[in-house]
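Paired with subunit B in one complex and with subunit C in the other, subunit A is shared by the two complexes that follow.
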Partner chain A sequence: MTLTRRDTLLLGACATAFVFSGRGMAFASAELAEEAYLEFTGGAEPELGRVTLDAPEIAENGNTVPISVSVDSPMTADDHVESVLIVADGNPNPDVATFHFTALSGTAAATTRMRLAKTQNVIAVARMSDGSVFMDKKEIKVTIGGCGG
Partner chain B sequence: MMFGRMLALGAPLAALGLLMAPWSETRAAPEVPLYTEGSAAQSPWERSIYGARWGDRDSSAFNTLDNTNASPELPPIGELRPVPAGIAGDPEKGKELAANRRKGGSCLACHVMGPAGNADLPGNVGPDLSEIGTFGHDDSYLYNYVYDPRVFNPETSMPPWGAHGILTEEEVVHIVAFMKTLTSPVEFSDPRDDPETRPVPVEDRDGQDPLVNPAIWTMETALDLYEEAGPTGKSCASCHSPAEEDFSTWAASMPVWEPRLDKVLGVEEFVYRHARATTGAEWLMQSEENLAMAMYLRFVANGTPIDVDTESEGAKAAIARAETLYHTKLGQLNFSCADCHEDSKGANKWVRGQWLGESRGQLPHFPVYRTSRSEIWDIRKRLQWCNVAIWADELAPDAKVYGDLELWLSSKNEGLPLNAPNIRH
Partner chain C sequence: MAKRVKPRVKVPKSASAGEVVTIKTLISHPMESGQRKDKDGNLIPRRIINSFKCEFNGQPVFSCDIDPAISANPYFEFSARVGESGTFKFTWVDDDGTVYELEEPIAVN
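== the complex of A and B ==
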């Protein structure tokens, strides 16, 4: 099954709703984010590489930060990306979204918009069909507006 | 989705168009029907649309676009106020005030203030004050510079914090105490924190992709409205061919001086007044219908270089008025348009983490979807919001001065292709 862009947007919306439900909790930490992705990888420490997280260096509005993720993979029955997890280590809850792929997806790429409470790291982790795991990490600056209230 | 519908709608309308005189011919007629009475917007205008946080502020004692003589008078140059006696300056309190965004956006909006000032995304409209404490300025100089810098420089962009009642005398004393502690430059660990090296934002999203820009969906409404009969039984389609044909360049020629109303009409006001006079529909400015139709009429003209009339007597006079207003200080924060948007002043600099654009290059992408508000803004709302942000009372969107400013802006954006609707933060 292929995730269309529309599905991706829906997923993004759900992820945002999920983050909202965590309001009032303490902000996530690097540890919580790491916990989240280690659960996803089954405890394996992902290697940097193969995953490309495309995100703005500076987000002018933390409410809707556009991000894209793609994974370098032949996407064959024997060798493809199974899932990609996105976590953010400064939101009330680190979980953002999980995208699932099969060999029939053709490419392992997804775009969504996410909410960032403050300047923080966004981490994308890909789990391959052979169980190997890869990641990319970007710090996104969430700006403070100039014209105060 | 909508493009399929556009085609489906376009075919019968195109057939209809063949039977009728094209609109471009009727356009040459001297008088386009316009409803010339009353306001084209909500009347009386209520600021409540912006919410209590903005609407509750009383800015009536300061200049607005329609009353540029309301603010207290300029102080004479060199007439320094005595530093109030008996108040001990507290650098800690001053540090908090300097970062307090409720106090006019904070000192950090425009100044780097050393490591103590907080190195997180300060602005650079004003000079770096990281070592102001070593410059040997006395208390009187610093106090007066914050209280009302116009006693030193009447042209300054800096607000008269004390004279305009944003900071109290005591608060200014605390800020002076804080400034005297600033003696070392900040070392930015990340080039994005330093306003001199922070990358300039690049907007490369495809604003006309409906999956990127929710404003595109609103044009479905415009397609329905185009063929929906108003109270007179007529619709837009009763007289006009499909908009893609009749209006393929029109929006780029707007706004236009309209002698019957003695003001400049933009697409939005024109849509209200023309529809009211023909189909009877009442699409008030900034209503959902008006925004949808105005956006659609620009969308079908996308790519057309802006080319407005600046030569008629009315247009010339409007542009001259706008030119004066552009340099007029407004609101409690006492900013002119030029203070923030002229290259020699605030433009192409950072006000905290936000980049200040120039007056050329913004207009062609309006109306925009604003992600921070989840709203579609036409250019008039953008201008209104500028007033709100500088703590001045905005006017109704159909105010004559906004027409003047829109025409002047269009002349500044001459030749740039329309690219609407777009998306911004």
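== the complex of A and C ==
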């Protein structure tokens, strides 16, 4: 089979279309992540501090990245952490999880495992019972993305 | 494709009054994110555990709203302050409406 000039062009166009369709997965951006946590805080810009986000600097497998979040709080009935929101700014959807604590929690700390599609920032935002908000942010480098395929 | 979903928890058998204990929970679940495609290019529908909660003697201790970015076999570790003997009740809710429950007693001495 000989390829004419027209065939070659057509093939090239198909290959390009194929490559682009494969890359069609939309990723959240830093703006979307910010939108997600501003909705959580009710528009207030959270301050850095009181929240500690513990995660590996380099995650080899993006399918299970262990993360721990802890918030400095006495955890009494009138002064405790209400909720902690976790967002990731490079996943298809920025939301990861929201933890809800009560005075019975004893400490405002939780550990879980999350998926990371690529190298990105993970942000933890805590809302206290008095309405104040704090955050911590950490960049995690991902060797193999956890987006499945 | 009936995958067995099995919840597991680890709670200390006993504690002293007012002690803060660590609780570990795991539920075997595929946590299908709704982003993946099968070999024919069709999206595999989302099916995840969308919420988890822990109660002690009917009082809320810890709960979590879960999005697809939580890994398969969702694991949670958190703490609880125990003032008296009682029972921890753990509840997981699946997207398909199934509720998985587990109870674990603790003795305060």
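Criterion: the second predicted complex is superposed on the first by the 118 of 149 C-alpha atoms of A that agree within 3 Å, B and C clash if a C-alpha of one lies under 4 Å from a C-alpha of the other, contacts with A are read in each partner's own complex, and residues count from 1 in each chain.
Basically, a contact is a pair of C-beta atoms (placed from the backbone, for glycine too) under 8 Å apart; a residue touches a chain by one contact, two chains touch by 3 or more.
Every value quoted in this text rests on a predicted model; they were computed, and no experiment measured them.
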After the superposition on A, what does A:T102 contact: first (subunit B), second (subunit C), both or neither? second
Partner chain(s) touched by A:T143 [first = subunit B, second = subunit C, both, neither]: first
Output check: A:G49 vs subunit B and subunit C. Expected answer is one of first, second, both, neither. What do you get? neither
Among the partners subunit B and subunit C, which is in contact with a greater number of residues of subunit A? C
For A:P74, select first, second, both or neither according to whether it touches subunit B, subunit C, the two together, or no partner. neither
By the touch definition at the top of the document, which applies to A:G131: first (subunit B), second (subunit C), both, or neither? neither
Between subunit B (first) and subunit C (second), which does A:N63 come into contact with in this model arrangement: first, second, both, or neither? both
Could you pull out which residues of subunit A sit against subunit B in one structure and against subunit C in the other? 63-64, 146-149
Quick check: in the complex, which residue numbers of subunit A touch subunit C? 25, 63-65, 68, 75, 88, 91-93, 95-107, 109-116, 146-149
Residue ranges of subunit A in contact with subunit B within the complex: 5-6, 9, 56-58, 60-61, 63-64, 66, 119, 141, 143-149
Seen from subunit B, its contact residues with subunit A in the complex are 53-54, 100-106, 109, 120-121, 123, 190, 192, 198-199, 201, 205, 211-212, 350-354, 356, 371-372, 389-390, 425
Give the list of subunit C residues in touch with subunit A in this complex. 20-21, 33, 35-37, 56, 59-72, 74-81
